[in-house]
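Listed below are the structures to be examined.
After this come two complexes, each holding chain A, first together with chain B and then together with chain C.
Right after this comes the complex of A and B.
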């Protein structure tokens, strides 16, 4: 049996891989760079429709902290948004927003902008005070570098305790391993501590790490740092692919293909997280007149060739498939739903 | 508030006049509705003309340019790069145009010298190998934002009141004279009332609107021109096409970029600045004939300006300026036309006339009085030289102790933004950008906009969302025609700022 090639190792790619591997397919995932889901909030604003129960089970099995019911998170800019599922420290419950918040940032460091957030929260009726702690780190060095010792944590706790009461909002700079620090800080200060949901930082990456481990456990092979540079399509099916990475060039037979290349995809432009790559021109692309919309054309989950015929063994998942314009926290449900549809389409073929 | 002279409009013309008058001891005020240079003074390619461009078609303009060019190089060297310029003809151009060009230069006092093909290529290695004739002139590049700010600073030091973000809303006339002018100050939210002896309308493309407040008419042709900014300096000289002035025949190396210009079409209004895709293609096609490397460059941004020209406007209109008076408002003087290179001369002539009317004897001092420090001699540090080029006399007030970067594309220090924010002129994010260049590089504010906004709030508070949105919309307009790598950058920027933060879109 030829392998199923999954192009892209973001949320849609990893979820498809896990579903396929779990069903016994030999799966190879080719990933390159940081997927945009790593930069996401890691939150689902709504339940994915098609795969509702399974997606939830999958995340629950992986130990992802789950919140049932509506919660509100705050972005790096202080914009609140509703979500259904998120790490426990980035949300507050439906009982309402806290009356007052202390927003902690590090002077000159771009991780959180306390003045900006406080002002935006103020507009929304939440009393917020900025607390800017001194920092000598250049902005390109991760904040974790400041927090290698207990002393630094004690320092933050002391400064926070000096402020008036209320919830404390911290930049989301902790890796999953150090997540207990937030609990520690909560106990130490006797205050609720929240992590601002920030793009380009931890929450989305935490979700991906979990999904990745799960896909590997189910038997999928993940080839990192590689790109698919060409595909051959014969008689309405994808046959072979060339995968390159470093000095390695590998030509492989392809039993089925899942494109999960992510990002805006219009007329030959592909956006994939922080990396930008040209997508393949074998498939038909729809342009909705906006670079943030559009994407590969699909028919019941399967991709369509340039000439308009359905490609039997190729499906698209995630942001590279044309999706309605998404709001905050709506990207992951779409990724899960489209991956589910893609896998069902391939398994049906 | 009583003032001898009120100047409306803070472009190069208005700033030049307020400085000239203030240096002569005249009590004066300048009000600008946006930031300085927000019209044509900012919407141009930053070319300090040698006069060559007008040598054949408009000799009086050419003479003025040549003289003013020399004066500015002496008095404002900090914001000028003496790159010198080349005029080159290519196959298809009329090769005999070079002869009337050289003759015109000689006749109008524009220094010019013909180079052999070999000399031209060794001076400008990126030049097309097909260049037929090449004439060297003394063009340069100039930073109009730094120039105008230096005029403002100097006028203030001499006692003038200068305010940006302060829009004139109303004029009261009595007996055929403007007796009171009202303005709304966006910074304080207050209405100012000024009682002037003389009002100078230096509102550029908005001059007819200002004149109309006093019931007067100003005939003016509005002419839109488009420009492209490409990443990196792709030529050492200003490179011009040796042919009658036409579209897409100038490239100017400026700061970290090269500016390609320009086009010409009638504009419907002063705000009708948007470049079209046709403009962009035309500019790339025409300029890359002179400099083939432009075919492969990264276009960072497109922008446009509206030239206010006397009479009907268009390519044929003279680039000199005129002063218009109207008996319906005897103390209102409208300045129309002119160009960045000759702004000082215009200011001098207007000021002469004003001083004559006021009975002020003092003469013009701007011909010799320095506007900024001399260009760094050997020994000065690289970073100070760079700061001096942006901030002139104020460069020494930037603390070099804090080397943290705010904008990594343009290498802008946090300390630079802090210096600008400590001054009286920065109200919005874009104001800081125009002064520091933060956000002008190829990421167009993705990296620095939020940090800059935070810094502004630390310094004293602005309305953040309005300021950010305005900034992003302005940058986004310049990216409407983005393609290739720049489109990729723009998509990423929009994903982060718009998709994630919900910014940059009108509510």
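Right after this comes the complex of A and C.
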């Protein structure tokens, strides 16, 4: 059986790889650069309708458990953040709203501004106290640099214990491997510990690390740091791909293809002037000027050739696929749904 | 190179192994050095901390916009370095001026027999890791690859490019090209040399891993071993080469334990070892702790800089050529 080539190692690419690998397909995922899912909040704003149970199985992680339902958290600006799925320390359910919050930040570090958040929470009727801990860490350096040893954590625990009760809100900087620290801090201080919901930081990266680990467990091979530079399509099917990594270039046979390259980024859909373009010049791209809605035309998940015919063995998923309408924060649910549709299309073909 | 396209996502900062080291927070970070500063005419004022980078390419792999951050940092070094006086870098340049190599030569087993293959061990392989070179040479012979090790081959120039000594690097290239002209095939052990020979000289040098991947080999080591995947092999030459290292070892029957730390820069590259020894040592020390915690016999790598830097932490560190032997030697 020839390999399924998944182009793009973001949420859509990894979820489709997991689904395919679990069904026994040999899967190679090619991707380079941090995908947008790793820059997300690590939460899903809504349930991915068609495949939410599969998505939950995919995201199951003992070290960083996910919670679902009507969830609310506090964004890193203090505003409310509502979602359907989040890591357990990011949000609360309908009954669990905090009465009062201690907002922990680090002096001079932009990870969390305790005064700003406390003020915003105050306006929302939540009693909040800022707690700014001393730090000389330069603003560009991730906060993990402060927490290399037990002593640093003990220090935070001691400072937190000195404050009045209530929930503790921390900046979100922990990796997947260190997520257990939040449970530790809860036990140590006897307080509920929440992470501020933060994009462009650790939570998105954590989610992606989890997704990668799950795809690998299922048997997918991940070709990191490599890009697909060209594809050949013959008689309505994708046949070969050229993959580049460092100084090396390889050609591979392709049994089936999932295109999940993301939106208009360097390694994703190309931009030709102000118009979206397929960098492989193989597939049809729809563009009415709204580049945020993606570009690849699909029919029931399968990609369409430039001449308008459905490509037998190629499907599209995620931000690169044209979505009829995609609201703010809809990227991740859309990635899951479109990956599900793509896999169904390939397996039905 | 990186003058447009940065979306300020911070992925490069999170990926940087120097920034996440307790001794590395003086580094302004890949975004400042590779993206922000090069845009300004005052970039020359950034100072020596701009050189506190191991050129491991982790930032470049993480960049969602495909920016060539490492290349941009290297270019800035070429502008900034001539005005800097880091003692280790000056010493390295002085070494090259006086005897053609970045560190003192300890190797004595030169082979100048007119073979068509040249084994090019690099400065570290001819210096502190001379024993590794002797073993690698024996392995090549056992595999039927008769080769020379030429005393006329000098530093490839890669370390000099890292400290902005472009003219000196060019002069070394001219000297080496005269030597290389006598050979049809060049085999290297250092990914930095391999890259330099291929990309700068235009010579199709093969890294030892690429030579070994098609051979019948058997393990020479007992017990469980961890890996150190060299940055300049994986992210410099080719990620497939790093995978080939794993296949060579597992194929030979070496009991390999895969650890997350294997992919992390040891701190030995990019002129860090000479320029910022405390940071290089701290990065190696933290890695060594992680390896020890895993309870392995030692670490196998395919880069002399990794072997040198990690080896100083008291770990047993082997080059791939020291971990296997040719099947027919049994």
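Please note the rule applied: the second predicted complex is superposed on the first by the 309 of 349 C-alpha atoms of A that agree within 3 Å, B and C clash if a C-alpha of one lies under 4 Å from a C-alpha of the other, contacts with A are read in each partner's own complex, and residues count from 1 in each chain.
In the analysis below, a residue touches a chain if its C-beta (ideal position, glycine included) is under 8 Å from a C-beta of that chain, and two chains touch if they have at least 3 such contacts.
Predicted model, so just to flag it, every value in this text is computed and none were measured.
S.K.: For A:132, using the defined touch cut-off, is the partner it touches chain B, chain C, both, or neither? Pick first, second, both or neither.
M.R.: The first partner, chain B, only.
S.K.: With the two structures laid over each other on chain A, which partner does A:334 touch: chain B (first), chain C (second), both, or neither?
M.R.: It touches nothing on chain B or chain C.
S.K.: So, does A:115 touch the first partner chain B, the second partner chain C, both, or neither?
M.R.: A:115: touches chain B, not chain C.
S.K.: Please work out whether A:145 is in contact with chain B alone, chain C alone, both, or neither, and reply first, second, both or neither.
M.R.: Touch status of A:145: second partner only.
S.K.: Does the superposition put A:247 against chain B (first), chain C (second), both, or neither?
M.R.: In the superposed model, A:247 contacts chain C only, not chain B.
S.K.: Considering only touches as defined above, state whether A:36 meets chain B (first), chain C (second), both or neither.
M.R.: In the superposition, A:36 touches chain B and chain C alike.
S.K.: Indicate the residue numbers of chain A shared between its chain B interface and its chain C interface, in ascending order.
M.R.: Comparing the two interfaces on chain A, one with chain B and one with chain C, the shared residues are 36, 39, 138, 200.
S.K.: Applying the document's contact rule, which stretches of chain A touch chain C when the two form their complex?
M.R.: Checking each residue of chain A against chain C gives 32-36, 38-39, 137-138, 140-142, 144-145, 148, 177, 200-202, 205, 223-226, 245-248, 250, 265-267.
S.K.: Report the residues of chain A in contact with chain B in the complex, numbered from low to high.
M.R.: 36, 39, 75-77, 79, 105, 108, 110, 113-116, 119-120, 123, 132, 138-139, 199-200, 263-264, 269, 271, 274, 276, 291-292, 326, 328
S.K.: Show which residues of chain C lie in contact with chain A when the two form their complex.
M.R.: Listed in rising order, the residues of chain C that touch chain A are 5, 9-11, 13-14, 19-20, 22, 25, 28-29, 31-32, 61-66, 195, 198-199, 234-241, 260.
S.K.: Please give the residue numbers of chain B that touch chain A in the complex, ascending.
M.R.: By the definition above, chain B touches chain A via 404-405, 414, 450-451, 453-454, 457-458, 461, 463-465, 487-488, 490-492, 494-496, 498-503.
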